[in-house]
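Chain IDs A, B, C and D follow the sequence of writing; residue 1 opens each chain.
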């Protein structure tokens, strides 16, 4: 059933190939819808959130011990739901794509398969294949249907992610053959993380550190963490609206998912050693991202940098290691998924009308596009972490966790490890986020309306299709803000015992 | 003394004779007849090689028909057949094609013998039988000034490097007191390897092989020759003669490293393997070849030159497998060559068609190919992304095995350099794709119109489409390659 | 008086020339060939240089055969080299002729259309 | 009790949802709907108040599990009603109700009439959530929602740029304050694993709360209170917030939101350490004095009231800081009534003078606006602390508390009391007494409708009545002992200690004298229509300028925080896209540009180190391809040369 879900988009793809171009977009929306429904059925079908349900393990390449092993636990399922939901919404949003419709929707579904595959793959080899399958459709989606400077943006995206995943491959290879049992290579993530939780790092010493850094960079490029983020603004500015919705909504979560599922569990000690460095990077990402976002004039670029800033919380939470922190990191991924998708749709709405994204040229849009203003301010306030919406819960939990990760040696009283400095530094980011969002809100929506934006024909209020995209996203953000327990219980079993391994590793390192 | 082992070679020679006779007799008949004879002869050679029962005892003390040879003989026959089919419509060859076919067959015979030979004399003889026909092949279109120039360069470069090799071989023969590889192995066994003169000899011998596989110090001829020669000949050189070079190199290196395999106990983190003099030279050359190949390719504006530099880069990756010298590595080498065969033949073939239809190989002329000929564009994209080594394709698995071998032996930095080279290669491969898919045509500029005959389409399909399924289900090829390793290492 | 008789008379210096002597001569010939290959601009002159290098290898082989444990293989190898060198020269000259027809001069440095 | 509490919340929530969805289409644009919404919560809060006042005052608790954050037990969300909450509920609900009624008249004819009422409802809902919260997280959510609503309401007329800037400034300044609250919440959670008040106080009691971080938590809470209740130095947003409609100022910036800070400090009193309390007291006192001085020099009627609020809040913090818990909160309630009264009064004045806010254009309006005038006068007397009015009892209690603990703060408080009376009298005289300065305004001034006068009358009545001690509601509901063990127990003064006879004997007369002197001076100086204090003209000119420019806080704020912030933003943007890639530009323009045939296309020069590596590859590529010169002899010599070099190297090594 799970593999049916993963390969359903391929069926859709073949359907589109067969049918005339007109039906391409409706088939796409239909497939995404069916995928969401199946996903919900699977979710309700899961007995416990703890173990791996819908587990399938079939021999694929016996020569090197690789299995087609897929399964989904709470962690995987919650991200799967996010993926199917965001891609359904993006499919609706890509209703207005005119150029090579058939090609676009086929690439879209190929991308969807890649994404679904990554979240269910439990075999390192299979994971890596799905991880890279996504690159190709993204390259073409940004490259062909993107904005004026798309050629540069797409190749930069491709080069960046490929360089990252090449390092990831190096790390994976060394890990796998160092842990080869006598019966052959062990590729299954489940077994490897079990051994790691028992006997510490899978590869000891300097090489182990190299593997961890390789994997970390591989995932950090996707998150994107501070030094590796320069591809994100270009990719977002050039990508068409639905694609940047998917890129921000789901693709950025892959990096975080990879870290939580693979990098940290495999190398808890190396992670502890690198803890302070990664915390520093995340804090820089949060504060530096916010500052750069404040300095932007391009609306979409501002939101791209705000994503860099928000995703800094994910790595911060992960490094802090307390159950609350990792819970917060995971929740930030979900929250940021829906909120950033909504933000990009809002940019898309005004871009479709004004065909430019320069914030300074906008003004007073609120007065003759009231519904649009309500949705936009909802998204803005959700993103700057207003309570009642998912952003706040995520930020608050991550901060509480980072603050709580503070161990004092009872005897000597000196501090074994503490990430409170990171929490304090990151707090500045919260204010800055508030500042640049409100500045943007004022520049674009408030103040007097330049004449060009007043006539309703060229600047109509939000259309039904756009509402069909924005309202569900807003509803989910609100639902996640008011009742977080529904989602947290899904992934908490996994994150809690990951927290235990990390805190033990940190204690061991410090003590 | 049974001669059953040389049946495949014999069949191909028969084919050669058949072609020459057909060429003499039938003045007026269509060129299809000699081509059919040639292709049939090659297929027969391949099938008989498969049927051959491998044995380690040598024929006349010179040829050893072990499993290693079988694989490569099949490999060469298949490549030869493909090249012939690829140029069926090539009106570039005004003559009824007799010369072209006979040269190809001669070259294939040389390659088959080269992989079989375990004697230095026979090795040199086969080496030259491969090179000389390829000089002719390159210069086949006498009217075309570029062909002349490239064949001249090819001849001069080939002759000099084979002379260097020969000089090296003479010393090795002298030192080891025998011309057979066993004698050389015995000499190395009892310490001949450490003499300085032996190291010099190794370097000189490496010159010959470097020329054949276009490794760095002796790679200069490749870009000019591939650009000048007709595309299918370029493909033949890039795949077949390179594979032959590697097969012979493996035989020689096997002779050089008698005492088991591998080197220092735990080389974790070392940069270069130091099994013996030849391996060190190859390792250094491998790194430089990869980097040079990829860097230069960044600058290329013409499809054939780009493919030339990319084949140099791929030679570098394969040399990595040779330097690591573990059974897994050799298996990866063979696997990589097979993958490389599919990718490169198809690439050169499509380049050939494009140049024939559009007149130039300039990358800019490919703009807007997606609109005019989406099928070809998708095929080319699959080839290029497979050459880069992206997962769903065959190329990724080939590279994966090579780098797995490198990392398994612990040469982490060597592996990282290789992987980074892979990333650089993405840039120029994706640039071609970008020209085809991403570029908008200014108005008034017509997209390239490429008419492909049925044979062309079928050929493309046969070579390109397997790149995807083979990328996911490649186990049978892997087992097939595994069978040949004990033979060549057991010596 | 044949050469052999002169030899027997002991008038000529009869110090036998060892293996190294031959190797040195071969090395000299080899480097001469190498220099001509690199120095001369005329294609045919380069071919001559290559022939010199091949003959140096021949000399080496024959010397090793005379002094080393090789029964006859050395000379056999030399014979093969001669044959192959001839074939190679033939093809090379044909190509050079081809180039000469096209450009009526074979100065190697002028032939650099393919570059970059 | 639970149903009542839930009704209080549901009323405004339903009101908000219905109004925001259908407001435009409802008859009278749905103002009646919102009035009913807030009316429901007013009735329930009155019910709770009386049941607590007359019946038993045992705190009522109810909580439900919300979500499990980490390993500990699940975080709860729930209701906690004790005496303090009952009082606050009544104050908030009443003032909100009256403001709703007042706005019907005031906002009549505004194009976005229905939106105003929607956001008023949302504001009341979030304020009630804040008051009813039983844990810090739940309170913090109410806290930020209140911030949002104040942003929306201040920026209600954001067609014009000033309200939009004011709203943004308010939101960001309070958010800076909120950082303090977040730090406090995290420190608390790190120590006792939960946010519930009773668990926190239990942890503080059991002593396993590390003293340094307990102090940090206390300071954090106070910083949040400073941000929200506009104490120095985070008060800069309150005067600008006057850009919003007057009912908003009345509701938010007189009674409810600004009081939230005082409520927070009052609620968390058990965990505040003694030195945090001293900080609160000193900041309160200084703010009181400074705000008073600035209020003296303001000409805009609403700005005077704004600064007077800041000063009165300083008073409340002084009370809480000196341990006079009951006095501080008592003053909060009484102040809410008469300050709301005065704000609404000023609202009706502004409404009458067609949105003219500058006092220098008013004068002698008493005859034109009799009801507003009389009620306003009651407010002025109450705030000045005239005996038998509510202001006197609460302010007197604070001064008594201060006298006991911090004598020097007592004198500052007294000076502030004089000042308060003085500037209040100035305001009253300039607007209502004397000759009208602008005849045109005077002629057209007319009393607002019943919807505007009724709230004034009700508040006037409360301003008088609420203080009387014999009613005893304050002693019963605001009883400090109900808080149980308090960390800084020795400093919390019980009601009796506050009103100990010896202190009262000294403080009472002084307080009354201060009030009277202030009023009399005010009458004397401003009676004849002067708008400035003449004495300050020659020698103390600089003081006049200082008051005028609000001690240059805004300028300081802009120089020290805003300008560097924007500079940092521009700098980082520079780093990200131009600075780091400048290195490449340098490389591009300088050395390599002259490289043979490798023209730099501009799309390689975008950002940073990435392209530096790209550039290096390009340079490498051009080197290798230039080696490929096309001449065979060069190839041969290069190849053989490399072989020769390796031989030589091999020989040497």
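Note that in this section a contact is a pair of C-beta atoms (placed from the backbone, for glycine too) under 8 Å apart; a residue touches a chain by one contact, two chains touch by 3 or more.
Source: prediction; values computed, not measured.
Chemist: Higher C-beta contact count, B-D or C-D?
Modeler: Answer by contact count: B-D.
Chemist: From the Cα centroids, identify the chain that ends up most central relative to all protein Cα atoms.
Modeler: A
Chemist: Taking the mean of the C-alpha atoms as each chain's centre, how many Å separate subunit B from subunit D?
Modeler: About 77 Å separates the centre of subunit B from that of subunit D.
Chemist: Measure off the straight-line distance from the CA centroid of subunit C to the CA centroid of subunit D, and report it in whole Å.
Modeler: 99
Chemist: Could you put a whole-Å number on the gap between the CA centroids of subunit A and subunit B?
Modeler: 43
Chemist: List the centre-to-centre spacing of subunit A and subunit C in whole Å, with centres computed as mean CA coordinates.
Modeler: Once rounded, the distance between the two centres reads 69 Å.
Chemist: Residues of subunit A that touch two or more other chains: which are they?
Modeler: 151, in rising order.
Chemist: Tell me, which residues of subunit B touch at least two other chains?
Modeler: 152-153, 156, 160, 164, 223-224, 299-300, 427
Chemist: Would you please write down the residue numbers of subunit C that are in contact with two or more other chains?
Modeler: Counting only residues that touch two or more other chains, subunit C contributes 37, 46, 108, 111, 113-116.
Chemist: All pairs of touching chains?
Modeler: A-B, A-D, B-C, B-D, C-D
Chemist: Help me check something: in the complex, which residues belonging to subunit A touch subunit B?
Modeler: 61-64, 100, 128-129, 131-133, 135-136, 139-140, 143-144, 150-151, 154-155, 158-159, 162-163, 166-167, 169-170, 173-174, 177, 206-207, 210
Chemist: Please output the residues of subunit B touching subunit C within their complex, sorted ascending.
Modeler: 120-121, 124-125, 128, 131-132, 135-136, 139, 142, 145-146, 148-153, 155-156, 159-160, 162-164, 166-167, 169-171, 173-174, 177-179, 223-224, 227-228, 299-300, 305
Chemist: Tell me, which parts of subunit A touch subunit D in their complex?
Modeler: 149, 151-152, 156, 160, 230-231, 234, 288, 291-292, 294-296, 305, 322-325, 327-328, 364, 366-367, 381, 386-388, 392-393, 396-397, 399-404, 406, 423-424, 427, 430-432, 434-436, 438-439, 442, 446-448, 483-485, 488-489, 492, 496, 499
Chemist: Spell out the residues on subunit C that touch subunit D in their complex, using ranges where they run on.
Modeler: Residues of subunit C touching subunit D: 34, 37-38, 41, 46, 108-109, 111-116.
Chemist: Inside the complex, what are the residues of subunit D that reach subunit B?
Modeler: 598, 614, 617-618, 620-625, 627-628, 630, 632, 635-636, 638-640, 642-643, 646-647, 650-651
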